[in-house]
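These are the structures, in structure tokens.
Both complexes shown next keep chain A, but they swap its partner, so chain B is in the first and chain C is in the second.
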Partner chain A sequence: MQSMPPNASTGEPLNGLPEKAARLAVNLMRAFARVFSILVLLAAWQWLSQSGTFTPYQLPSFTAVVGRIWDDATTGDLAINAGLTLYRALAGFAICAVLGIAIGMAMSRSVIANWFFDPIISVGFPMPKIAFLPVIILWLGVYDTAKITMIVFDGIFPVIAATVIGIQGVEKELIWSARNMGASKYEVLRHVVLPAASPQIITGLQVALPLSLIVTVVAEMLMGGYGLGGAMMQAAHFANSTSVFAGIVEIAVIGYVLIKAMALVRRRLLVWHPEANAPATA
Partner chain B sequence: MIASLRSNFVRYLPLLILAAAWEIAARFELVSTTALPPLSDVVRSWVELLLDGDLVRNSAASLFRIAAGLGLSVIIGTIIGIGMAWWKPVNILIAPIVEVLYPVPKSALIPVTVIWLGYGDGSKILLIFLGCMVPVTIGAFNGARASEQVLVWSARSMGAGKLRVLWDVVAPGALPELLNGIRTAVALSFILLVSAELIAAQKGFGFLIGSLGAGGSYSAMYAVVLTVAFLGFAADRAYLMIAKRTLAWREAA
Partner chain C sequence: MTDPIQPPAQIVVDRVTHMYRPPRGKPVLALDDISLTVQNREFVALLGPSGCGKSTLLYLIGGFLPIEKGAIISDGQKVTGPGPDRGIVFQHFALFPWKTVKHNVLYGMERQSLPKAEREKRAMDFIELVGLHGFEDSYPSQLSGGMRQRCAIARTLAFDPKILLMDEPFGALDAQTRGLMQRELLAIWQRSPMTVLFVTHDVQEAVYLADRVAVMSARPGRIKTIVDTKFDKNDPDIFKNKFFVDKVDEIWNLIREEAIKAQGKRT
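Entry: the complex of A and B
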């Protein structure tokens, strides 16, 4: 047996490449475990659906559902329905973001705005706003305006609350220094207050985004028309459970992609921030 | 006492202004009274609903569904979350599934729960359970993971068994995050309940709102909508008080 030559710089034997290799191995294991448990889940689904325990109506097989999604994709239905759902969710979310941050900023700048909005936010935030959906239908009908209004009504509260809390938490020294160095009020807001509050604000947006998706789906289910939620209700009325399951998978994929994208945006926007990691959620 | 009453009055004055604006706009028919019946009519309808028992019966059905679904999700979510933080294999197997389920808009499951369990209590309880389990699990996991190693080691070195450490050290340490997760779950449970009942139910708040709206009794519909909104708000406030009391030992330390 020939022993390994010692490493010149550290004197350690070269056989390990210890830390890097170990970390790589752990990461590989994790990636494998991740794929593995998802695969087990899908295999269990397929097996359960074919075992005869459930009727195909109760649990269509995974392959049948994938086939249905493929059919929807080739006929173009998927593009129309998913596109409309995405459009509504993102339009509603964008309005929540712009309007919510604006109201939050107004509340932290003006005593009157704060006096007016504060009780409305503190009472309105924990309310199940979705109960107002029939009222919204009464006022605005069942088309995009009504659906997007419902999304904004639900999603705007966490954005406003996060903006107010974020701006409150900005260190006074930062603002004083900037003012002292001759920055105008607007410049302080634009270059000091907003960036310093942005981690909180983005956290608020990260709460509003999944909420927008939930509400989009419910609004589409109740108001009908095109869109993934409406298509699922239609399928349910015709006892077409394969299409219902296909709808769940499609909505799940959209939700997954949007939320991962949002986490990426957070990391991009906050690279400069010491707390550059995503918040402590899975 | 008087001073605090006055400051509360000033604080909540905007809500009174909104209510007054509603009443005036509807009374003087600045807006269609079909779309917005006067607040006083809504209050009258609320009393009628209360007296003829409709409101009580449907509230009881809804609150039972929430209690059952939320209760189940808290118990099972806590067990899974702490299990994930405590045993590596559980984490490796379950974390990916939680990560995939987390962003799924849970309202998409409404038609499936109806296919599985029909129009009754079961489908709502299942939906609330599935939806609320995710925030509870994540709260329990984050809380238990963050429990201080020093405390765990001290307890171990003083001879505490693994389960004892879990119960006496890890679980209390996980409590603040867990309680936060449950708060999210409480809010979510109302959203899911009302959505599911609006879409497919034979009793409950959502059903009552839908059937009153379809029958054109809009002031009664408003009365139920406001009742649900108020109950959701009250549940959150009550929960916050309980949570604060539960964590009192931390503040004292």
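Entry: the complex of A and C
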């Protein structure tokens, strides 16, 4: 017994290296598990496109679509179209965020603002805003102003609603504590109300961000011009199905990156929140 | 030799009546003609059944609720709003969850004219005092209930209030932690006595901590009696001490009928 190495009985590694390697292996497995379903979907796509059931026009192969994306990237078309779509989505989202939080705060602080905005929100939130598209085109044309207006029109509602609900839920004891320690009304708002409501506000922003991307693409498709949505409609007119599918993949990737980035921002901003210790889902 | 000049009382509640106005429904008389005086450096417990308005009275003294009828004088000045001369500790801690222990404790001092280095030192001193050394950089969500209340007490003591208002501060803690915290609060108060008004519904807690216990009646809240409970609290066997047991019994008899009344009114 005494001749055995100290840790042999417990099965623990004797130095850090195997443990590190094991952790790396576990992390790789986790990363793989996370994208497994996507890989299955892509493999099915590739197999289906080559099985002879569909013509390449009906369903171009995944590899052909990746090849098209690569071609677009080298000619610079991808940068222009994806860049414009991303710019519109993010500009619209930024306006939604600033204006939405401001209106939500005003509604929570002032009876008059609440009286004025509340019915508008109740009617406007569930309404399909895309119905206003012809009017927006009539008033603002088909360029960036019109597209970004459409995005703000759609994305601002969840931000306002989340801000109002978040501020309503702030415990009065927190506000009293700050007042007790000599905080002014403005300091209470900045130091207490906003941070206390931030989990809900960020949730509202997490709803508004993908919504902004969706509306951007829809608006681009209906109004034309550069941008991924416009490029896809153009490709469809020329029966260029590979480019249409390339657009779908590009939008999917952009949406995925945006959502992941937003989840990262949330984790960064809410390190103090109990949810930070819980496993992440987004 | 006693001081020939009595220092003025620190809290004077003068015939305060308060209506509770629920968002829907009829207003309810919560406090009915309350008068109470708390002397300088005195520890007074406000004891009563739940719903008797004892917390409401504390919030009125804290300046968080408008005083509609009567007056409250704190340290010679009429109470018109909250202020750092009256520090409050809440039952559910009311810590800023997005701030670490240290930054919670610093918040009150940041609004005072203290140099930064001194604020930091003072914060660390009070964190040390309540036994949270080593947890300065933890967030409240990472602490146990007892530790959170320690942090809240440190935060309130740190901005140096003349009066300490405590709203059932140990009510949310488990029995063991509560006992420990009571002993520590008493030790802190004995070392540097300050004026304390302590709301509780726990008779033993009130007798153990306070110099005087103001017993309140069920709604509408009135001060029923004030019982003197000043005696040596450092007896290790205090809970078997005859005086202690008798006082608890006396107050319990006073409050029993009120508690029954409060129960009956609810159904």
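Throughout what follows, the second predicted complex is superposed on the first by the 239 of 282 C-alpha atoms of A that agree within 3 Å, B and C clash if a C-alpha of one lies under 4 Å from a C-alpha of the other, contacts with A are read in each partner's own complex, and residues count from 1 in each chain.
Keep in mind that, in the parts below, a contact is a pair of C-beta atoms (placed from the backbone, for glycine too) under 8 Å apart; a residue touches a chain by one contact, two chains touch by 3 or more.
Because the structure is a prediction, the values reported are computed rather than measured.
Which partner does A:213 reach: the first (chain B), the second (chain C), both, or neither?
Only chain B is touched by A:213; chain C is not.
Can A:76 be said to touch chain B (first), chain C (second), both, or neither?
neither
Would you sort A:273 into first (chain B), second (chain C), both or neither based on which partner it touches?
The answer is second: A:273 touches chain C but not chain B.
Name the chain, either chain B or chain C, that contacts more residues of chain A.
When the residues of chain A touched by each partner are counted, B comes out ahead.
Return first, second, both or neither, reflecting whether A:177 touches chain B, chain C, both chains, or no partner chain.
second
Is A:241 touching the first partner chain B, the second partner chain C, both, or neither of them?
In the superposed model, A:241 contacts chain B only, not chain C.
After lining up the shared chain so the two structures overlap, which partner does A:34 touch, if you call chain B first and chain C second: first, second, both or neither?
first
Can A:52 be said to touch chain B (first), chain C (second), both, or neither?
neither
Go through the superposed model and pick first if A:131 touches only chain B, second if only chain C, both, or neither.
The answer is first: A:131 touches chain B but not chain C.
Which chain A residues are contacted by chain C in one complex and by chain B in the other?
Touching chain B and chain C on chain A: no residues.
Quick check: in the complex, which residue numbers of chain B touch chain A?
10-15, 18, 34-35, 92-100, 102-112, 114-116, 138, 141-142, 187, 190-191, 193-195, 198-199, 205-206, 209-210, 213, 218, 221-222, 224-225, 228-230, 232-233, 235-237
Using the touch definition from the top, list the residues of chain A that touch chain C in their complex.
For chain A paired with chain C, touching residues are 171, 173-174, 176-183, 191-192, 195-196, 198, 271-274, 276-277.
Can you list the chain C residues touching chain A in their complex?
Residues 59, 62, 64, 81-84, 86-88, 90, 92, 94-100, 107-108, 111-112, 139-142, 155-156, 159.
Give the list of chain A residues in touch with chain B in this complex.
29-30, 33-35, 37-38, 41, 57-58, 115-120, 123, 126-135, 137-139, 210, 213-218, 221-222, 228-229, 232-233, 235-236, 241, 244-245, 247-248, 251-252, 255-256, 258-260, 280-282
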